[in-house]
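Both complexes below contain chain A, partnered by chain B and then by chain C.
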Partner chain A sequence: MKAALTTLDLQKYLDQKKKTMRIFAHFCSFTPEEVLHAAGILPVRIFGSNIIEKASAHLQSYCCSYAKRVLEAGLTNPFDGSVFVHSCDTMQRLSDIWGYSIDDGFHETLVLPVAVDKGIEYLTKELNRFTRGLEVYAGEISDTALKESISVYNDNRNLLQELYEKRKGGHILAVVVDKVMKASMSMLKQEHTVLLEEFLEEVELGEYSRPRLILSGSVVEDPSILEIIEEYGLICYDDLCTGSRYLSLAEEQSLRGIARRYQGMWCPCRTASAPRGQYLVEKAGEYDADGVILLLHKFCEPHLFEAVSIRNSLKEHGYPCLQLELEDQTSPEQVRTRIQAFCEMLEG
Partner chain B sequence: MKKLNSYENLKKLVGSHYMQAKTAHFFNQKIGWVSSGAPVEVLRPFDIVTVYPENHASICGAAKQGSELCEAAEAEGFSRDLCSYFRCDRGSTLLGTSPIGGLPRPDFLYGCNNICGTILKWYEIASRHFDVPFLFVDTPFVHTTMTDHAVEYVAAQLEEIVPYLESLTGREFDEQKFTETLELSKTCVELWKKTLQFGAHKPSPLTCFDAFTQMAAIVSLRGTQEAVTHYKTLNEELESRIQKGIAAVDNEKIRLLWDNIPVWYAMRGLSELFENHQACLVADTYTNAWASAALDTGNPMESLARNYLEIYLNISMDLMLERIIALIHQFDVDGMVMHSNRSCKPYSLGQYDLARCIKEETGIPVVIIEADMVDSRTYAEEQARTRIEAFLESLG
Partner chain C sequence: MWCGIDIGAATAKLVLLENTVVAGIIIPSGFDTVKTAEELVEHGLEKAGILRKDIQCIVATGYGRRMVPMADRTVTEITCHARGAHYLDNEVRTIIDIGGQDSKGISLDATGKVTDFVMNDKCAAGTGRFLEVMARALEVELGELGTLSLKCEEKVAISSTCTVFAESEVISYKNQGKKKEDIIAGVHEAIASRIYAMVHQIPIQEKIMVTGGVALNRGMVRALERKMEKEVEIPGDPQIVGALGAALLGRESQSIKKGSFS
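Up next, the complex of A and B:
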């Protein structure tokens, strides 16, 4: 398979883009990227690297590795601006800390409601505040431009949904999906769409074999864990911020439409009408999965809180579940042994 | 530490509060579990008995049962890295034990994320466990400025809770009682503010360790007559200490500001350590979190919304810094002690940068100690001691 998207050097691409566009860092699936796009800014989702030096002067040891990574990235190579959302307690404080230690041209936090359903009115107004604030920095953002951008994002997300549909029939390597998704979160949307169309035409589906796994968690910064998992089983679906959490569409082309879009997103930082385990049980049925791997960050409270009830409901429905808690220091060998044992058990 | 006479009073008050909670169902009263930052005033007119899992967890911590209860939650699968108030509460629910024999079963839960996102998860879990409703008030974080749409949003949610409470209790909402509650709450906060302000006197008649104990009533009994009466007596006692020249710490030489939730299981050891160096912790950011309320009985829901939006853990670091600097000046302190509390991220993350800014803007030194509020297993006592001693020696 030679689709350009699979061989893309994202860093190189961004280095090129930097010369012509302003680049803003963002950190969560709830970022209103469409608004930034409409303002002519390129939103790039940051994953950082596992070498933490400067960030340790700002964050305690008991802070999750994702926050440390992105702060390190910001301290090392400042962006033109940064957009935080009130995702969890840690990211909210990180927004403050970022503001205290990094001098970028634009720094703002979209204060999300925790209860998106009852907070739609509030959120629409908050998105409006955010947009008006951005205009001060970037110039007017017209309704037409916003509509345009929303449909550019919808087109792309429609195609991404197609990608996930395809995963039902045969296998696409998880590292490839990861690459497509992360590129989508960082490239200029219309450019990604072109590559994605080509990719979808050319992608060859691998054999449909067992054990079939669902991977659930927040962000997967480092794709090497995906390779390790797929040595023993196939990831047929993911419930990740770097994956399916990105797929939902904005049905109305307005700020309210963006707000509504967030209703469809399954995130443990928001109120839940039903326990998340039920969602995974449904997906396991839909994707014909044999088991679930919960991939958690040490110190990530929202996900760690949910883990117990997720494991219980999966168990109730006969889906085995393996919980991996990753820290950047965890030895890959230990992880590998556990994944191997889990998959062997599934093959039984 | 010289014990305040009001300590016995408080013990009785808290004791009878929990006693009342335990017998509530017998008297056909409804029980609500309430988070410390939730606008409890809305519940009071319905004669609902309220208990505070956070306060309960602190009692477990002070009785040194914290680690054991945390372990029970861990055995159920909850990570050791989750908030130890939650783990303590969960453990107590599972084992049915605590220094007061566990909390009574709730009829509903009432929580607010203005202290943390943890509350949401914690109460969701409790709500499933007891199979009771969870009334959640969503309070958007105040990132530098409080927005009108946030105020509207919170006020609207409070309005919506009223009919629910009416059907739960079978009582009608009594406006007059509500106004009385608001008045009591306001008076209570004013009295509490006064209590804390005694610390500005030199030498101070109280330390923040007294405040940590005495705060139980402002947290759990806000909006009641008992709390008002209690703080009146406490303030009289403090007044008379000042008149008689009684200091909380003999020969007070060093005045300090404390940041974060107390290390409940180590209160005695820490207070002796400071006392031995003639150092008095005259104020803290924690108990001051309950010392502001500009309630407007003419516009109750909106003013509750405003007050509960800007509580200390729901504001950004620039606003926290402003309040810290105000405390530093108001209490004329020589240094600041920060408890880096691994359980509580909204309180602790950011302390490194705050410490730097405090030093730059006020010139006062800051020491940071690593601990946890109720889980003593993560506390390196010797290390904390050494750090504090070195800090005090440099000040003295």
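Up next, the complex of A and C:
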């Protein structure tokens, strides 16, 4: 029997949820989903589609495909509210554009400190400002409700960590991990947890084979790239917004706890290149990887600025690195050639 | 006998290998890759005077590699070019392959294994297609570009890296009365600059071999040498290096263990 999570029709699920809950769009791993959950709102991470028609009228050609996709989604089907995070400059300006072109009931931008690890006090205050603002829209969010929600999120993330732990021993298809992670970012947390428990019991690990790859980047909107990569090698770990960046836990059940949780996210928007390179080297060792694929969006400043430094760190430690810079329309055969050649190189 | 088939964006190549190259065939890729591959094999058999059953293994490479029905396995042109170049000269450490649709820089070690590579992004600047477009705009045959550019007196500067914009630049120069030779030299310079910018992301170690159809253009190769301040080597038939590598890989995999490669 296949676990329900792997066959879930997420869109259908959300269409049902829309009838009973207010749905807020969010776009970033730094979104305080726990606060929205405590307010009885369903936070849904938006990925959009590759058909861009309306968004082109608002965005310049140098914006990343993720920005175009999510704006298109908002312009096509408005949500009850939206929460942006000033992770990169594109997302900050996108928040402005969203604000004046889409009429949703609640619109807020969380402003992060430059270095998350040094700005916990500030970030706690910012989360407090956000929460008080949300209360005006949604009513009081009690400390008890917040604690309860943080605990619901921790339970889910504990299980997601278990999923990643399993990847060390055998293979789980990257498209399956992608589906589980994206469902977690969009479903009502406690409902996802039930399905995730079932999934973890039923998942059968594939053969442990080589080459083993780490996939690093931001958002993987379209999972077909994962299938192409896995025709030639196995993705054993990821460093993605749609993956491991979501795993860290809040150790304190408070806004401060949420702020501290962000320290474990290793996002290039808020982490310097050198520690990020070191982080990937450590993960490559931990997951017994043979090489790293940097899957980057064209025009993505935070990831592209660090790319040379990351590649050099990895090479210094003996991990070959392939940089793929993609836009939605990139010719798949060119990409396939690079991936296949990279795996041939790793196989020697 | 071992066979390598390289279906590129512009041309399709076949090499038949025994102890040495028995036959090398080049035809246009066409639209129907399956038909092109069949045609290649037919020509090859005829030229070598052998039968289909005499071929022990067929390895397909190039863009169309997955569309070659008779192939026993597929290998990318990156690995194949490295293998082919290493066979032709085992001192080669860097390959610059300029094909019809893309250009690549490949680093290889003393055993012919790829250690790193770069490939141009999706646009056609820095590829054979760029030259085709410019040849058409200048009303010269593709094959004449090299010789003409060597007669250049004062080359023009092409600043655009986009093929479409560069074509309009070329047309502007034409309408300013610039000489064809000077414009062609400018076009070569622009491509060389583009390729150099890409290739120096990997270590450019000597010897350097230039492969692919564009290597036949002497003016282009000279421009590249000037840009890198290094001499390059051009094999006797630069277009078939990928197909040669494919045939070699077929021969090697069978001598290790038959069918051990997927």
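We adopt the following convention: the second predicted complex is superposed on the first by the 343 of 348 C-alpha atoms of A that agree within 3 Å, B and C clash if a C-alpha of one lies under 4 Å from a C-alpha of the other, contacts with A are read in each partner's own complex, and residues count from 1 in each chain.
Note that in this section a contact is a pair of C-beta atoms (placed from the backbone, for glycine too) under 8 Å apart; a residue touches a chain by one contact, two chains touch by 3 or more.
This one's a predicted model, so the numbers in the text were calculated from it and none came from an experiment.
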item	value
Clash or fit, chain B versus chain C on superposed chain A	fit
Chain B versus chain C as contact partner of A:344, first or second or both or neither	second
Which superposed partner A:88 touches (first chain B, second chain C, both, neither)	first
Partner chain(s) touched by A:78 [first = chain B, second = chain C, both, neither]	neither
Residue contacts on chain A - larger count, chain B or chain C	B
First, second, both or neither for A:320, with chain B first and chain C second	second
Partner chain(s) touched by A:170 [first = chain B, second = chain C, both, neither]	neither
First, second, both or neither for A:334, with chain B first and chain C second	second
Which of chain B and chain C A:272 touches, first, second, both or neither	first
Three-chain overlay, vertex chain A: chain B-chain C angle, C-alpha, nearest 10 degrees	80
Closest Cα approach, chain C to chain B, once both complexes are overlaid on chain A (Å)	5
Residues of chain A that lie at the interface with chain B and also at the interface with chain C	325
Chain B - residues contacting chain A, complex	76-79, 81-83, 113, 116-118, 120-122, 124-125, 128, 136, 138, 140-141, 143, 147, 149-150, 152-153, 157, 316-318, 340, 342, 345-346, 348-353, 357, 370
Chain A contact footprint on chain C (complex, rising order)	63, 74-79, 102, 113-117, 119, 121-122
Chain A residues within the chain B interface of the complex	57-60, 62-63, 86, 88-90, 92-97, 99-101, 109, 111-115, 118-119, 121-122, 125-126, 129, 268-269, 271-272, 275, 298-299, 301-302, 304-309, 311, 325
Touching residues (chain side chain A, partner chain C) in the complex	320, 325, 330-331, 333-334, 337-338, 340-341, 344-345, 348
